[in-house]
Structure formats: C-alpha cells, structure tokens
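What follows is a set of structures to go through.
In the two complexes that follow, chain A is the common piece, with chain B as its partner first and chain C second.
Presenting the complex of A and B:
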C-alpha cells in the first residue's frame, strides 16, 4: 500500500480534510487524534492489516509516519 | 478456556431496580465539556441518559428491592434459600461483606452461605458460575445471586472519560435446583496483567499515602488516586480481540446454533464496542439488545438489567435462550448461555428507598 493511500485512510479515520496530514506531522499537534481515533485505529489495524495494536504501541507513536510504518 | 455445564440448576427469576433520579447527559454536561463533545460521546457510547443514585442509596439497596420483588412474586420460603452472593465494587462498608447485611435485611436462614465477590462488568457471569457450582455440590434448593454497583460515586466530577458513561442499579437472580432444567453453559478467562487498566489506586491498603488532591493525568482528565481510572484504549483493545476469541471457542466447544439464540445480553460497555463484537464474532445484530441508551453502563448489573428491559413486559410464557457475555475489570471475561422463561423476568423497578438502619451506635 502506498503512502498516499495510508494518509487517506488516516484522514478518513480522524475525519480530516484530504491532504491535511503529512508523514512528519506530530500526533500531539492533531486535535482529532483523540481517544476515539485511537480506538478506530485499533479496529483498522485489525481489520485492514490483521495486526494487533496495544496501548504501549499507540503510546510509542510520535508522528503520522510512525503509524504508517506500522501499517506496512 | 475454563468451561462448565450445569444440568440441574434453573434460572427461576430475574428482577432489577434503579434509582428514580434520571439525568440526560446533554443537560448536565453540555456546558461542562461543550455540546459538541457531549453529542459525540452519546453517538459513540450510546448513552443518552442514566439513573443516578441518591447519596444515601447504596448498590445493595437496589439489589434488596429486586430480591424482595422476586421472593414475593415467586412465593419463595426464605428458609429454603441456602446461598446469597453479592457481586459488587461498591459495598456498604469496607468490612463486613455486604452479603451479610443483605442476609439480615432479607430475613434469610442461618443455614446459608453468604459472601461478596469483588468484580464489575464481568461479575454477573462469574456470579452465576459461583452460585450454580455451590448449589450443584450441596443440599441447597434455592440460591440468590445479587449484584449491584453505584459507579457514579467513584468518578471525579470532571473526568470526561467516565463521568457520563455509568448508571447505578442492582439486580437479583433466583436459582433453583431442578432435575430437568435446561443446561447453563459457561466459559471464563482472566488476565491479571491488565489489573491497572480499570482501577481505583488508593482508598484501600496499598497506596495509603496517596494525596487526595486531583491533578490532570496523562489522558487530560482531572482525578486523584481515590477516583476511578479507566484506560479506555487498553480496555477496548483487549475487548475486541479477547472477547470474540472466547465467543468463537465457546460456540465451537458447545456446538451452539446461533439461530436458536433469542437474545444477546452483553455487558453494556459502550455501543461502539458492542458493534465491534457483533462484527468480529459474527452475531445477529438484531438480537443484540441495547439498554445503555437509557441506563448507561451499569457495570455488574448490565446483563440482568438488559434482560429485564427486553423481557420485563413480555409474558408469552416461552423459554428464551439467552447468550450473555461480561468483560472488563480484572481484566476478566466470561460467557453464560442459559434459558429463562419470559414470565420470570420482571420489569425494571424505580426506587428512592434506602436502608435506614445502616449507622453504627457508638455507645
């Protein structure tokens, strides 16, 4: 999956306009990256990528790129 | 997977009581957290309103009212009740066990086993296992499974993660020894690794020097160690992986035909979680009954309350096949599949009553 597709998925998940997210965007700077978005992220990783996402892994994410790497 | 089957225990009645006091979360919290945030919270969790106990009302008061209703309706001789278990996280006192207080109030015989179980969201199914096991191996004819929580009393007033979620209530289930009873099938798991995911860190004997003032925690909510802390992300991650896995194992082990299930009575954690469970465990969404829109997450009572909400006014005399599932604090999770006659499930009672003789004389 290419980076554009991953960014689009994350934008949809956080209900953001297309093109809002960049890989280098700090997660701490995104208001929409709240606890609900994190729950949706757990579901998306499981459904779309077959990956289990733990609370510790979520805590280790600092930038959008970190999440994209995990989506791999 | 720990699993059991009981063939001589019948679920003979279920009653539930809630406080009269009702609160729409939009009215109470719109100006505290902002209307948009509250609307979003309602949309995700499903909670629109819930019942809140008065300061004087304890979880045991609701369980007591429910038990009295059952004993009256079923015409049970109290001397034949040999087990009275109370599952709660919000007891009347630090000690003794609230089951003993209920034993007195209900006027039960001395020939009775009474104790409390400290569990929440999973507590109803664990309690069912405990009472059924004790009955199966003893000469007891009737057992009372009492449950209740007033979770709204242990939450910091500005904790947006929990303060709008919970509702207060209590419930009573009567179990009867009966030779030709439909099977009660159960399964359980526990993962103590997650004990900090839902916790009140102080107020018992571990962190006795914890400061009482509330500060802002990492999740942005203000609380102290004496308040409930729930790591929503961790609990959610656990639920959407472990619970469907147990359901699938249970269904396979017991050759459950999902077509025959009349109602999925699941712990009302939040609607988003329930939707995920429906999807992952491939359940029929139309059979998943929701009560938390009007009662909130009622902790240990959520399963019997959901049944009373669905079947309280139904008197078709038919046995309903119930698939119940509780999950949460511990972390612990369990399933109980059983049958109960719709006529034995009573409508939810609203009460302002509380025990007026709970103070201790200093003389």
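Presenting the complex of A and C:
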C-alpha cells in the first residue's frame, strides 16, 4: 500500500479533510487524534491489515509516520 | 443439614464453557451436584473445563453459536441423548469494542448472533415441553453495560439490552403454564480474558479509573457464578423476568463521572 493511500485512510478515520495529514505531522498536534480515534485505529489495523495493536503500542507512536510504518 | 442450593439430579446447558465466566459456571454447577452439557468452540479449552469440574454425568459439544440456524438440531440431539433439561445458562458472548462509525451491519449482526440470537434460539427450543422439565430456569449473562455504557459499545450494549428485555417477554409467556423462569445477571467488570483484552486496548489507566468506581472492587468469576446458581435453584422460585445486577456497586455509585 502506498503512502497516499495510508494517509487517506488515516484522514478518513479521524474525519479530516483530504491532504490535512503529512507523514511528519506530530500526533500530539492533531485535535482529532483522541481516544475514539485510537480505538478506531485498533479496529482498522485488525480489519484492514490483520495486525493486533495494543494501547501500549499506540502510546509509542509520535508522528503520523509511526502509524504508517505499522500499517506496512 | 440441608443445602438450599442443591442442584443434584438437575441438568443444564452452559454456553461459553471454554473460558472466563462460562468455565466457572460449569465448575460451580458441578459442585452443587448438577449435570452439565458444556458448549464451546475451542476443543482443548473445553476439555480443560471438564477436568476442573466435580464428577457427574457431564458431556460437551463443540459448537459455534454464531451458527444460529443449527441450534435447534443440536439441542434436539442433546435431549435425545440426555433426556429433559432443567434450564440453561448463556455465558457465550463477545465484547468487541467498535466505534459507531465502524459498526457496520455485518459487525452488528455478528455480535447480536452470538450474544443475543443464540440465547433466544436455544431457549425457544429447550423450553418446549418435550425438551425440558416444569420449573426449568434460564439465565442469560447480560452486563451492567446494558444500562451503563461507554464509547465503542454500541454493539455490546445493544445485544445485552436485548437480553434484558427478552427474558421479560419469555418469563410472562412461558411462566404461567409450566412455571419456567427467565432472568439475566448483569455483571460489572469481571476478572476474565475479556477484561484483559479490554485493558490491552484501552490501557491500564482507563481500567483503573473504571474499577475505582466499583465499590466492592473487581468481581471474580465465582461471585457471578454463585448468583447464577441461585437463580437456577428453587431458592429463587419467585424471581423471574429480572435483570440482577452483580456489579460490585458500580451502577449505583454517584461518584461515577
């Protein structure tokens, strides 16, 4: 999956406008990256990528790129 | 001396028997003298449950309750093998957290099939006169979450709320003629694998915060199993159509925020 597709998925998950997210965006700077978004991320990783994601792993993510790496 | 909770000679179906609360219900009922037909999907874990139970005329079936259409023939074969039952305990359930925006029909259907429709179908078939004794008692494991919910619990809360209502309808319609009873138990947080899964997803702080509002602390599976045994026994002979909260004081605590 290419980076554009990954960014689009994350934008849809957080209900952000297209093109809002950049790989280098700090997660702490995204208002929409809240507890609901994090739970949605767990579901998306499981459904779309077959990957288990724990709360501890989520805490280790600092930038959008960290999430994209995990999506690989 | 008498044991008022004695279930000797009684026979019950228990679903979700391979783990958590279902496993403990099998053990507790066997200790009270009941014969148990244990149902679960996972063979190795179901056998482990059997090894923990007191001796009795127990048997077990591997069955995936999401196959709701097959429950009737499975119940019929259990009855032809074992004779009439005295009720059932529905412990099978999934607690998958899912945001509203992602709770598609396919997900909602899956959680309703396992948590709700499988109980209704099992009770529908088992409550027939040819399949159960008079005064049979049915208990579905609901949840305090049917009244006290949280984000990402649309599917879970809906399925448990459906159980809470279904036992009332069944209690009215099937109680009058054959004195059958239908109730739910509604636990708060129990120390089971489902609890561990939720802690893993939502984090230890969230779990600690929720547990801090459980007046009596986290519930052990046996503490809910004991209430279930009471609801099966003649000690509760006039309790029917009720939702019994075994929630450690969670839902009455005004310190909840």
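Assume the second predicted complex is superposed on the first by the 72 of 72 C-alpha atoms of A that agree within 3 Å, B and C clash if a C-alpha of one lies under 4 Å from a C-alpha of the other, contacts with A are read in each partner's own complex, and residues count from 1 in each chain.
FYI, contacts are C-beta pairs under 8 Å (C-beta built on N, C-alpha and C of every residue); 3 or more make two chains touch, one makes a residue touch a chain.
Here the structure is a predicted model, which means the values were calculated and not measured.
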Touching partner for A:55 - first (chain B), second (chain C), both, neither: both
Chain B versus chain C as contact partner of A:36, first or second or both or neither: both
Partner chain in contact with A:1 - chain B first, chain C second, else both or neither: neither
Overlap of the chain B and chain C footprints on chain A, listed as residue numbers: 35-36, 39, 42-43, 54-55
Interfacial residue positions of chain A with respect to chain B in the complex: 35-36, 38-39, 42-43, 46, 52-55, 58
Of all residues in chain A, those that touch chain C in their complex: 35-36, 39-40, 42-44, 54-56, 59
List of chain B residues in touch with chain A within their complex: 40, 44, 161, 219, 231-234, 236-237, 240-241, 272, 276
Chain C residues touching chain A - in the complex, by the definition given at the top: 97-99, 101-102, 151-152, 199-204
